[in-house]
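What follows is a pair of complexes built around chain A, which joins chain B in one and chain C in the other.
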Partner chain A sequence: MSLDLLSAFAEFGFMRRALAGCLALSLAGAPIGTFLLLRRMSLVGDALAHAILPGAALGYLAAGLSLGAMTLGGLIAGFVVALLAGLVARATSLREDASLAAFYLLSLALGVVIISTRGSNVDLLRVLFGSVLALDDPTLTLLAGVASLTLLVFALIYRPLALETADPGFLASVSRSGGPAHLVFMALLVLNLVAGFHALGTLLSVGLMILPAATARLWTRSVGAMMALAAALGFASSLAGLALSYAQGWPTGPAIILCAGVVYALSLAFGRAGGLAARA
Partner chain B sequence: MLNRRALLAAPLLLAVPARASQSAAPMRVLASFSILADIVKKVGGERVAVEALVGPGADAHAFQPSPADAGKAAAARLVVVNGLGFDPWMERLAAAAGAKDRIVVAARDVPALKAADAHDGHAHASDLDPHAWQSAPNMRRYVGTIRAALEQADPQGDYAAGATTFLAELDALDADIRVAVAALPPNRRKVVTTHDAFGYFAAEYGLAFLAPKGVSNEAEPSARDLARIIRQIREEKIPAVFLENVVDPRLMQRIAAETGARIGGKLYSDSLSPPDGPAPTYLAMMRHNIRELTTALAP
Partner chain C sequence: MGDAMSAVTLRDLTLGYDGAPVIEGLSGRIEQGALLAVVGPNGAGKSSLMKAIMGQLSPRAGAVALGLPRREVAFLPQAAEIDASFPVDVYDFVAMGLWRRIGLWRGVDAAGRAAVAAALADVGLEGFEARPIRALSGGQRQRMLFARLALQEARLILLDEPFAAVDERTVGDLLALIEGWRAQGRAVVAVLHDLALVRARFPDTLLLARRAIAWGPTDVVLTPRNLARAAGMVEAAHAPPRGARA
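And now, the complex of A and B:
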């Protein structure tokens, strides 16, 4: 089995590419997922992933199956929704989660309308969500570039972001960097979602952010260790999911997420930092 | 009492001349997708006004009718569906619109083939392969069925001329395809295409079509499916792979990159192209397909 699997990666370029894409996504998704979790924003990733749809659809309609146009469209839609949600939360009595929910639903509905105006081409949805098995050079470059940028920027905003997450009042009293750090964090989130969106599909890109981070939280309380563990778990789940997809014929994206889910379930039971066994 | 009856009957009398003048206007026909609409147009000519619910370039497998579509079905004198599980939504739609007795199943007289791999997950309602129009002899049967239905719905119309002309064109098409396939070396008569919609074409003309995704484009492919097809292309030295007009082309490019097979042009299987495209009619579609196939497979 293991030898068979090794030969699969040696024999097929698409397996190596899928693994490389998942590595990039796991590396960048780990810090983002960790902070989403710590800031109680785990569902924000999912909401924003849906908000990207009209932008990517418009990009596709304007320029066809072009990575650049779809990326740009998705980025604009994601930023607009994230910013509007933040503005509404500051200017009105609505909390940010409520305004985000409202804007992402509107955005999603708009995307479906845009898609359906192009005749009855429902199939466009399938084109917008890419497949992890079909990563070409430009998509891989995009994923690697976004991952590198994410890690670099995270190094810059790590201190204010961590402080703001732990004690926003204290940070506000000593520095004004909390707001900008949050904005940059949201921008990184949108960037990663857009890259993952048409490279791998929403399920896989959001799943590789949230599940490994939640799992890591059950084993450690240190933020740095959580991020490292989440990245390792994400990559291991990708490897296992690819192997399952290769050996059993399961669809690849869901197989990867299910593998991450199994580790998560085991950690719920046995995790040292807050798992069921540790609490009993 | 008598007066009242006469009054009630008056609109009926008025309706008679109205109906006579109406028969000069084209008869409204609704077809489930673009290829059927083209056949109806060929047979009916000026006498029918035909509309396709799933227009050129769109995917009939994933179609979801809107209330406006039900209105179109209610207004049509004849509703043409393919059958064989291709467009079950259309029969439901027509039944809901009260047009149940005006439905004609175009593939009624076609000897149906089993779907290539009916055990894998796919979206068709039966385990038959519905893409019967991909063979010219089958299309002759479509023409017979559609002509009979048109004549029944519009007894005053003359549909013999359109049908006869089209049948002659189909015979010429059939002969041309056979000549083109015969010119290929036997070991190069196989291709890979994303959507396994060419079962009837394969059976009729002796080309082999392999698909990485099963009979429909519904299920997400697994790494195993992709590995199998790549291994198969390498081992059997399949010369060409084809992108279909309705499915994610990135997967196909991946396969071509890993096998060195030639990437053929677009094949049209489930829908026609828009009028300015290479396959705006059924005949143009079939001629376009065989041209693309022979170009890619020529040694």
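And now, the complex of A and C:
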């Protein structure tokens, strides 16, 4: 990347703020995305991200584009849907992914209708795709706080969560921590989706979790390395995406996700641990 | 009661999931230091019995009484429950057998590392420490699981079909390990299919088919008559009720 592209970061505060926000999202998104992938829950993450929308929309309806109201609404909706999906899966013959798909389709439709009743198409776009170039101080503080909390809590639940993923039968035989670890993980997921929502919107917030983790999976053979590489990839994609969007006038969130996607596609072909070239 | 000496006491145990019970009215004892095979047709309730002893399946009626603390019981479920694609190496996987010492947050100290190395050597997996578990063959994977079991230092060890899809040489090595555990006074209960192996190596057998068809010395239990009865009981239980569609 030429110095020209990077000069935008030196010149404009909003570019640096965007980069700082993306750093927070990349750091916290890496362990979450890694375990979503390893637990075969990538689509669950996607579904939950959509489920946040009606909650955030109700917050918007009550208080306009307010950080507090939309965060609170998003958190409540996320937790409710995560719980409901689990309950429906347990109480009916539908599997959890089917009930999640049903919930998220309804949530998305409901959220769009709620926002459209009061706001403009600009507001709707902002909710769907985020506003990473307009992160104010309170929002940045929220992103940084969520990231710090996530890394701290993840350190506490790491061992039971990893064991529950690799060998749930063994964990159940030595400890009862598997269930609580899963619940805490789901809570962190919702928390990070809501944080990501402010920067990347409801449709893309899961992107900085899944794409870097999936890419890292193709290069690494241990969970620790996978998480570290995913964080680095997330940040690098953010940097490239921000610079590209500044230079070309592309929408920023999608540009970031596209950059992560390009690295993912290349890794699919050339990744050392399971890429096409390594298998041939 | 006299139960204090037994590792496990089953009192009129009935187990079941949603529909019909899988085990009905099972009573008996597993003594400390016992080497017991559990055999029976598919659907006889063997795995359910293991889960009930582990406390992972609550009895519908009756009770399972443990004569030792729960943490002294180790359980090797069927291999299918392990995600072999999980990116972890053999060393880290086996080290989790130290759970009683390290729990949720503590690290593995020098004594722990020595114990892991010894356990790996005992199962013939020296030099495999850095291999990812996905790269192991079926037999090697089972050796790895036995190394982890050994580290748990349990006084009662439950094995659910430990030799399914395992090569003959590995079976021999693992049987030697099991007999070593028994010599140390630990009790081992194994769900098995290979009756010849049970006759050759297991002094006691429980023949299970929803009820205990027979429980005692292996040569008394595994008679053709008992085996035929066991097969008949499970078939009867799985046959559609009269009047149901064929």
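Note that the second predicted complex is superposed on the first by the 258 of 280 C-alpha atoms of A that agree within 3 Å, B and C clash if a C-alpha of one lies under 4 Å from a C-alpha of the other, contacts with A are read in each partner's own complex, and residues count from 1 in each chain.
One rule holds in what follows: a contact is a pair of C-beta atoms (placed from the backbone, for glycine too) under 8 Å apart; a residue touches a chain by one contact, two chains touch by 3 or more.
Everything numeric in this text was worked out from a predicted model, so none of it was measured.
Peer 1: Using the superposition on chain A described above, determine whether A:22 touches chain B (first), chain C (second), both, or neither.
Peer 2: neither
Peer 1: Looking at A:38 after the superposition, I want to know if it touches chain B, chain C, both of them or none. Which is it: first, second, both, neither?
Peer 2: second
Peer 1: Which partner does A:257 reach: the first (chain B), the second (chain C), both, or neither?
Peer 2: The answer is neither, since A:257 touches no partner chain.
Peer 1: Tell me which partner A:177 touches in the superposition: chain B (first), chain C (second), both or neither.
Peer 2: The second partner, chain C, only.
Peer 1: Just chain B (first), just chain C (second), both, or neither: which does A:227 touch?
Peer 2: So A:227 meets neither chain B nor chain C here.
Peer 1: Please work out whether A:214 is in contact with chain B alone, chain C alone, both, or neither, and reply first, second, both or neither.
Peer 2: After superposition on chain A, A:214 lies in contact with neither partner.
Peer 1: Does the superposition put A:168 against chain B (first), chain C (second), both, or neither?
Peer 2: second
Peer 1: Of chain B and chain C, which one contacts the greater number of residues in chain A?
Peer 2: Touching more of chain A: B.
Peer 1: Give me the intersection of chain A's contacts with chain B and its contacts with chain C, in residue numbers.
Peer 2: Touching chain B in the first complex and chain C in the second, no residue of chain A appears in both lists.
Peer 1: Any idea which chain B residues touch chain A in the complex?
Peer 2: On the chain B side, the touching residues are 53-59, 62-64, 217, 219-227, 230-231, 246-251, 253-254, 257-258.
Peer 1: Where on chain C is chain A touching in the complex?
Peer 2: 54, 56, 71, 73-75, 77, 81-83, 86-89, 93, 96, 99-100, 103-105, 132, 148, 152
Peer 1: Quick check on the complex: what are the chain A residues that touch chain B?
Peer 2: 8, 11-15, 17-18, 65, 119-123, 126-127, 130-131, 133-136, 242, 245-255
Peer 1: Quick one: in the complex, what on chain A touches chain C?
Peer 2: Against chain C, chain A makes touches at 38, 156, 159-160, 162-163, 165-170, 172-175, 177, 217, 220-223, 226.
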